[in-house]
Each structure stands twice: as C-alpha cells, then as structure tokens.
Amino acid sequence: MHMSVLAPPAVATVAVHGSTGFAGQELLRLLSAHPRMHAVACTSDTRAPAQCDLAFLALPHGVSGEVGRELAGARVPVVDLSADLRAEWAYGLPELHRDDIACTAAVANPGCYATAAVLALAPIVSAGLVLSDLIVDGKSGVSGAGKTVSPRTSFTTVSEGIAPYTPVGHHHQLEIERELSALGAGPVSVTFTPHLAPFTRGLLVTAYARLAAGAAPNEIHEALAGAYDGEPFVHLVDGIRTQAVRGSNLCHVQAWVDEARGRVIVAAAIDNLVKGAAGQAIQNANLMLGLPEQTGLPAQAAWL
Amino acid sequence: MHMSVLAPPAVATVAVHGSTGFAGQELLRLLSAHPRMHAVACTSDTRAPAQCDLAFLALPHGVSGEVGRELAGARVPVVDLSADLRAEWAYGLPELHRDDIACTAAVANPGCYATAAVLALAPIVSAGLVLSDLIVDGKSGVSGAGKTVSPRTSFTTVSEGIAPYTPVGHHHQLEIERELSALGAGPVSVTFTPHLAPFTRGLLVTAYARLAAGAAPNEIHEALAGAYDGEPFVHLVDGIRTQAVRGSNLCHVQAWVDEARGRVIVAAAIDNLVKGAAGQAIQNANLMLGLPEQTGLPAQAAWL
Amino acid sequence: MHMSVLAPPAVATVAVHGSTGFAGQELLRLLSAHPRMHAVACTSDTRAPAQCDLAFLALPHGVSGEVGRELAGARVPVVDLSADLRAEWAYGLPELHRDDIACTAAVANPGCYATAAVLALAPIVSAGLVLSDLIVDGKSGVSGAGKTVSPRTSFTTVSEGIAPYTPVGHHHQLEIERELSALGAGPVSVTFTPHLAPFTRGLLVTAYARLAAGAAPNEIHEALAGAYDGEPFVHLVDGIRTQAVRGSNLCHVQAWVDEARGRVIVAAAIDNLVKGAAGQAIQNANLMLGLPEQTGLPAQAAWL
Amino acid sequence: MHMSVLAPPAVATVAVHGSTGFAGQELLRLLSAHPRMHAVACTSDTRAPAQCDLAFLALPHGVSGEVGRELAGARVPVVDLSADLRAEWAYGLPELHRDDIACTAAVANPGCYATAAVLALAPIVSAGLVLSDLIVDGKSGVSGAGKTVSPRTSFTTVSEGIAPYTPVGHHHQLEIERELSALGAGPVSVTFTPHLAPFTRGLLVTAYARLAAGAAPNEIHEALAGAYDGEPFVHLVDGIRTQAVRGSNLCHVQAWVDEARGRVIVAAAIDNLVKGAAGQAIQNANLMLGLPEQTGLPAQAAWL
C-alpha cells in the first residue's frame, strides 16, 4: 500500500472530517495556503465522502478510530489526529519515522505534548547519553484544551496564573514512554505533568534527565545537532520561547547541562495547533502523497 | 538581642528602605492595612533613619547587605528582602524557623522560588521519604523580574507564550539546596529551572522526587499534612492554581504520587510579592516584634 | 422606614442571596474584612432566611426583583444588585443620593457601566456645561459578563483582542439616561456602546459631550472638582487607568477639553466588581445601617 | 513618473529601511512570502542602497521624511510608513486612492488609527448621511506603541486593564480630519481618543456620528456595502472583533443605527501591523509596481 508513487498528484483532493474544532479549523487555514492540496470536503460529521486522495480526521477521541479503520479498509489514505490509533498505525513524527510514513496509508498524528517531548529527548535517549528515568514538565496554552466550553477554560479562570492538570496519568505519558522506549536503548520511564498557562497557542516542555555515566556534556549538544541537522522544522536555538514558533510548523529545541549535578535539561517549543496538530498532519500527508515534505507549511513564526 | 519581649509595642514604627520597587510598594500596601505597624519612613535611599522599631530592606541585591549589616550593628531589628545575607542571618521562613526568627534581630527573607520550593519539599525530605536528587520546575509571573524596564519584560515580549530563563545556576538553586540540606536528612541536590509566564503575580513550583525505598504513597500526604496542620498560611489543597493565592500570604501545596514509576510530584503556589516577598517579611517582623504572626496579613485571595 | 437610627448595631448581621456568582463572591470577600457586618447566611437559593439586619440580593436579573419585593414587604432592609428595581427603588449611587439611601430600606444598586458613566457626567450635565446629547464608549473586563460559561467568554475567544457587544440597546443605556435626565437640566440622550476587553476586572467609560455655548473649559474641571471634593471614593486623577482602582471601591475620573472642536471628554474607571457591584452595595448598606460610609471598603488599589 | 507600466517586474527588488522596529519586521515577514518581491536590503540605517525597484521606509518619524525626499529625488519609488509626508505625498489608502497610488512613485502610508477610522467613516461622510461632527474612540494593542522599551509598555503596566492616552491632540486626529474633509462633503471635525489595551496586535475604532436629517438607517448600510463591494480586504461583518483580522490585511467594518437617538455607530477592526502598517505598504507597492493588488497579502486571519 505504498503511497509515495513516482507521480504525485498536481493538486491532491483532501477531506477534513471534524472541521469545527481547533485542529480542524487550523487544518483548513493551512490547507487554504497549500499549493498542492485542495480541501474538497469539510464536515463536522463522521462519515467520509467517497472521493478524495487523502482524509484528515480531526474527530473526537473515540470516534476517530472507528472512522479511521473504516476509511483505511476502503483504501483511503488517512491521517488521524486523534489518540485512538497511535499504538497501532504508523506514528506520524516525520523526524523519526519519515520512511515509514511515506510508505503507508494509515498514519496516526502524535499528541502535541508527545511531539515536543519526543523531539526533545529522542536523540539523547537513543544515544544512551541519559538514564532512562525521565521527567517532562509541560506547559500548554488554552487551545490545547479544545473548543468545548468549560469553566476550566473561561477567561476569568485561566488568566493571570498557572495550574497543573492531570499531574499523573495524562494519556500522552504512555505515548511518550512508548516512543522513547522504541528507540532501542531500553525501556524508558517518564513522569509527565502538564500545566495550563494563560495564552492561546504554544506549548513548551522542559525535560529533565540524569547524565549517563561517562557521557560528556558536549555529547548532548552534538547528539541534538546531529539529529536535527538539515531538518526543515526542528531547529536548535538560543533563548527558546514559544512565541518564536507561533503559527509555524517549527519545533525549537535548546539543551543545557548542569555538570555539577549531572543533570541534562532539554526544552522544546512548538505551536500546539501546528507542529502539535494540523501542521504535522499536513507534513505527514505531504510525505504520504509524495510531495516535498515542507509544501504549504509555514517555517517562520507568524509573529512579533 | 532578643526581640520578642513580653510587651510588644501597641503600634510599632517601621522603616521601608527601597520603597519604589515592586516588593517595596507591596510592603507599603500591606503596611497600610496593618493594625500594629506604622511606616514612619519610606525611602528609595539606602541610608536608614535614626528612629524606628524595625527596618525592612527592599534594596537592590548587593546594596542591601551593606545597609543591613550597618543597621544590625546599630541594634536596629532588620528584615532584609535581598539575597545578600541569606547564608548568614536567620532564614526567614517562619514555618521552618519560627523560633529562631522570634529570637533574633536580623532576618534574611527567603527568595520567592525558594519559599515555594522549600515549603513543597521540606516535610518529605526531612522525613526521608524521597531520594536526595530533586528537580524543581518554576513558573513565575512578570513582577518577579522586578520593576527595571527591559525588553525582556515588555508586554509584546512576554504575552502569549512561556520561556525558561537561567535554566542552570539561578541563585535560588543554591538557596533551596542549602535549606533542604540543613534538614538533617543528608545533602540534597536540586536542579532548578525557572520560567517566565504571562501574568503579573503568582509563582508555581512543580517539584519532582523519587520515592525512597520503603516509603508508601500515603506517607507523602501524611508528612505534608502533619507539617502544615495548624499553619495559618500553608494549606494543602485540591486543584492547586496560583490564582487562588493571589494577593494573599498563602502558600498552597498539593502532592501526587505516581506509584508505577516511583515518583512524587509536589506543587506549591504563592503570590511572589506577598508570601514570596513583602507578606513573608511582615510575617517575620510580626514574630520579631512579638506580635501575633498573622497580624495584618491577608489569608484570603484577593480574587475571583 | 428610616434605618439610620441613632444607634447602629455593633455588628450587623447580613444575608447574601446569590452567593455563587462573581458579585456574590465579591460580597463575601469584602464582608469577611468588614468590621461591622457579619454574613449569617449565604445562599444560592432565592428564599430569604428569617433573621438578619440587612439582605444583599445578588440573584439573576428577573428573580431578584420578586425576592426583593418580598423582603421589603417583610420589612427586611435590602440592597438589590440586579437591574430589576432600579426604576422603582432608591438608586444606590451614594455620591448623588446619599441622603435618600440613608433614609430607606430598599436600595437598588446601580449597574457597573451606569455607575462609571453617571459619576463621569453628572456634575457637568447638572451644571449645564454640556449639551444633552452624550456618547459613552464603555470597556469592561470579562468578569462583567458574569460566571455563566459561554463560548463568548472563553479564554481563546476573549484574549488578544477587543470587540463591541450590544452596541445599541444595552439595558444600562436607559439607566444612564434616566439618572442624568433626573438631574434637572433637561432630558438627556445617551448613545452607549460597551466593549469586551481581555482582562478580568476593571471598567472604563470614555464619555464624549459637546461643550455648551458660553461654557469655559476650566468650568468642566471645576464642576468635577467641586462635586467630588471630600468624596472618599471618587477621585480626580491624572493618567487614568483601570489598574489603579483594581480591587478597591474607588472611582477615578479624568476630564479633557478639546477647545478647538468644542468637545469635552470625561473618563471614569472603576473595578466593576467593587464600585460597580459588591463594594457599592456595602457602601449603600453602611449608609442604611447608620455606619460610617467607608467602613470595610478598600480605598486603595490592591495591586501593582 | 508613472510606475504601473505594462510589464511589471517578474520579481521586484525592494529595500526595507528601518527593519528593526515592529513595522519593519512585519514587512520582512510578509515579504518573505511575497511571490513577486524580493528584499535586497534591510537596514536599520537611514541611507538607501543604490539599486532597487522600490524602497519601504519604516524609519522613525522625523527621519523618514528626509530620507523619503532624497530617494524620491533619486527617482526611487518609495512607500514611507512614517507620518512625515502624509500631507504632501499621495495618501496610501488604496480603497480611496487606488488610481493615484498606481500613478505615483511617492506614497505616504496612512497611520493605523487613520486607516480604520477613514475606512469606517468615508462612505457615509461622502454620501452626506451623517453630520460633520464625528467622534472616534480608538483601542489599540501594545505593538502600536512601537518597540522602544518603556515603563508604559511593560507587561506589569499594560496587562489587566485599559487606559486612554493622548486623549486630545493625537497626530492621527488631524490626519483623519484631513482625509474625511477631502471627500467633498464639507469640512469634518473629529474628536479622537485612543486607548491602550492588553493585547499585542489589533486595533478597533468605534466611530459615532449623528444621522443627517432625512437620512434613513438603511442608507448607512447601503453606503458601506456599495463602497466596499468587491474590495479584497474590506469586508462588512457581523460580530466584529479584532481577533478575526489578526495577521491579515483585512479591515472588518460593522455599522449600527440607534434610530431613537438619531445615532450612527460604525466600528472598524484591523491588525495594526498589517493593514495598519506593513500590509498596506505592500498593497500600495503592489499598485505602484503594477502587480495585482492582493499579491502576497494574507486575506485570512492567521488565527483561532
């Protein structure tokens, strides 16, 4: 079921199922500027239209999996943005699984926290530079909570402060552990605590690890630089802040080593709706359709 | 040089040196509602006036220590809000050092991050419930950066995102280590990374520790509950958020245990200008002057 | 039905009906620091308890009027924060109706926009210094919209921008016209357009009027200064901003005259939950109970 | 000095003088996505490089005019974003002056408030539907104040409230009067009061006018609809809010009539850095270079 055929379509027709939520709206926004994709169907409904080159599913968790399986059965290439199929389908993190994604028709788009955490940690975990007992402190803007109206996300609740939520057992915790454990350097344990912060877009993870015996501080930086050299969207930066990736498909990464304490700190910043959702979905779709991976994706922050 | 004499003054006269910064202004705001203290001198100057029952120093780090020593030499009771004398003078965290504070005339007020981190961790560190290798992820509002005008704290820089700063080597790191190591359960190592978040007041620390062998999850909660039972300002809560302590001298604490991974997570929330600065200074001054510790201090969030 | 008897109660017992909304919560917050009032009943229910010296109604518009009439019939002094009885009962704006309020047991607390607009305009309207065709542009923080969860007040909707709402026909429009027309300088027409701005507390009105023929610019300032000289809560300021009244019962007022165009501009800033709701209700209750008008009310911004 | 030659350049080379401020940075951001312009020089310096098809000046007011005149003398087409030459050069508001702009090499880009105010009012002023005595209440995000670091624009000053500034005599007042008076319906007087609100991008004006005798409410809507029918960037909307134009070159307009009071209210919303500065500058440059007016300009909000 290889998709990356020799002749990708001049303009692929795509469907967006679940176009009313934040991720679905962002997909439509990005697709409207995509020179090689044309959205032919945007539904809040779960049923797929018959004809399209690829379908994006931005449906509620639980619903999405069923629709995804149905579409895959009907041989429609699918990128599913829900959490339903991440343990089953190809994991749509192009920087780690580019070849798999290009060769499949069924891709599960990673969670927003998992995208940032795995990009921050994978190079140093796979190189054995840190111990396997990791901590990820996440901070997300409010759009990460979705569009459902709730007192938890009202302006008067959220503004002027910060709060942790689901400090133990957030479903991205297992997703991060699964991905990092699959790197071949042994099973990884991740403590993951997300926080809700008063901004709309943007997500930062600050990951903490213990430097492995014999690992030198510069190896941390070298592992990250080596992993992301040439990557169009993952950049090592100085002075990391979520504002600098806003509106773009970028992931910024910065690492520090506290030598005296044998600690490694790696931060990664993304726009949760772009690299953390819709942008990465299009990046995956580009690969699946044989288009240049960066097509139609902003690589510059749309911002001050 | 005992201060807590049998007859505290009906109304103590106090001086505020360094009354133009955020901490100094907050001192004046709180003192204006304090029934037993009367500010007789508020100067941006560093020189102390002759006559007062106690002096607060909210001067720049570096300057404050010199003035503090001079005043102490002149037998004027002093609470110094700077970092200069924290390794020398009595450490003004009443929940841990109440008796020392009441018996001295020279108190160094803790740093804002240190206040929250030590209150979060001290009970479980001193009880030996966690390993000595701790991580503290801090998130502060912008008033923590002080009043000096800088592009780092302009609205357009700070709003709509989050960023780490001084990820290694912030001066509160050593302060936290020193305090926790002094608890008698052995030397403690702390990795501390603060973040700047888009709100004015409020500070959250999320601390991560490894559960000691043999320690049971409920012991974590029991240690915290035991330590803070009866404390006027430190409360264990459910649903911790900085907004709930805003404008008050409260410190909220909440703990979780991830049993599967052997992890303890403890969050503490304070108003960085009150319990993290001016409020705690007054709490210390109350003790030093023999007044009831809570006098004049808001124990309710001034907030929605 | 005079309330301001010779001997006000040492501590009055008060009931708060409707204690779950923002205004009700703010009442409880302020009452907790009030030295002469003690809340004996706080209900979300609409039924009044039997015994109290005064009742505050912070119930939904529509419900409140009925309960208010019932309590008044039972001779319980009432301050109703709803809009239901503002055209019937004594209008609870102490700066204009202090004597009436002190002599009645049934007071309707003004709307938040009306409080600011009437305080900005009454002195110059009643002095005949401006024409009767007024414009009031209002800007309110989100707490003004109440606690009901709605997509209109979610963080992602409100933050990072501003929007008008109910640009014609907001119910405060008639309230402002009624109050200003009752000043005796002839009927007044008010165009009133409120806006929702991304902060929690605070309300600013910018009022525009045409300078009457023969009126001199300095008369505008003199009229305002004369009207508010000695007022504990209404202050003429330079550099008006809502942040400077936050958490307090203050109303700041500033006026400018554009002589070349014959225009008067008057801005008024209040905390919509304090002077615009709960604080003013307590100010009224103080008068009704014969207590000093300022008792228990913050006259200082609780803020940076 | 006609620029709109038959054969516009395939890719025009442009210079940006003053590329470090917010407007200059936004120019570079927009130019990076412009298919027909290529920035060949970006300087913070005031001197122009020799060779380019067009120069943008985003220099400080005062400096810009001198450089502009020099460049114009050297026959380099210029769009000047400063206020220096708005009374002299072609006024770069394409919706009103499209033909003039296309036929000149020296265009003064309008001020941000003036852009919104003139677009809101011009159709109804020129049609004689309102009296000539207008009020414009402006609300701007903080980027409108420019990048210079100041306590006025620090996060702790700006957040959580709103304030008027320059309530009389802002330099955009004369600019609005000049443009509206030039419409041929008689001299116009404008009272203009801007406010600083806690968001980064976005600007709203709420304009108030008196309905002319004999004018019917529906004529207001018809005049606006007629004026902007077919305009690529000016759209009549329902539910106007600045967030809906964020990041785009759009101007949203909405009008209401309060028939009982004979009042017209017109609101206009723009992104102050795009349609209020850099986007409009590019729109002008497109016209000057003979390119399709919309080339390279976002017509969709980059936003939730």
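As written, the chains take the letters A, B, C and D, and residue 1 is the first residue of each chain.
Just so it is clear, a residue touches a chain if its C-beta (ideal position, glycine included) is under 8 Å from a C-beta of that chain, and two chains touch if they have at least 3 such contacts.
What you see is a predicted model, and the numbers here were worked out from it, not measured in a lab.
When you average the Cα atoms of each chain and compare centres, the chain farthest from chain A turns out to be C. A comparison of the A-C and C-D interfaces places the larger number of contacting C-beta pairs at C-D. Centre-to-centre separation of chain C and chain D, using mean CA positions: 38 Å. Distance between chain A and chain C, defined via averaged C-alpha coordinates, is recorded as 49 Å. The set of chain C residues touching two or more other chains comprises 22, 143, 156-157, 159-160, 198-201, 304. Of all the residues in chain D, the ones that touch chain A in their complex are 22, 25, 29, 32, 143, 159-160, 200-201, 247, 273, 300, 302, 304.
Residues 133, 135, 137, 139, 141, 156-157, 159-164, 167-169, 189-191, 193, 195, 197-202, 204, 206, 208, 210, 239-243, 246, 254, 256-258, 261, 263, 265, 267, 303-304 of chain A are the ones that touch chain B when the two sit in their complex. Within the complex formed with chain D, the chain B residues making contact are 22, 142-143, 147, 149-151, 153-160, 198-200.
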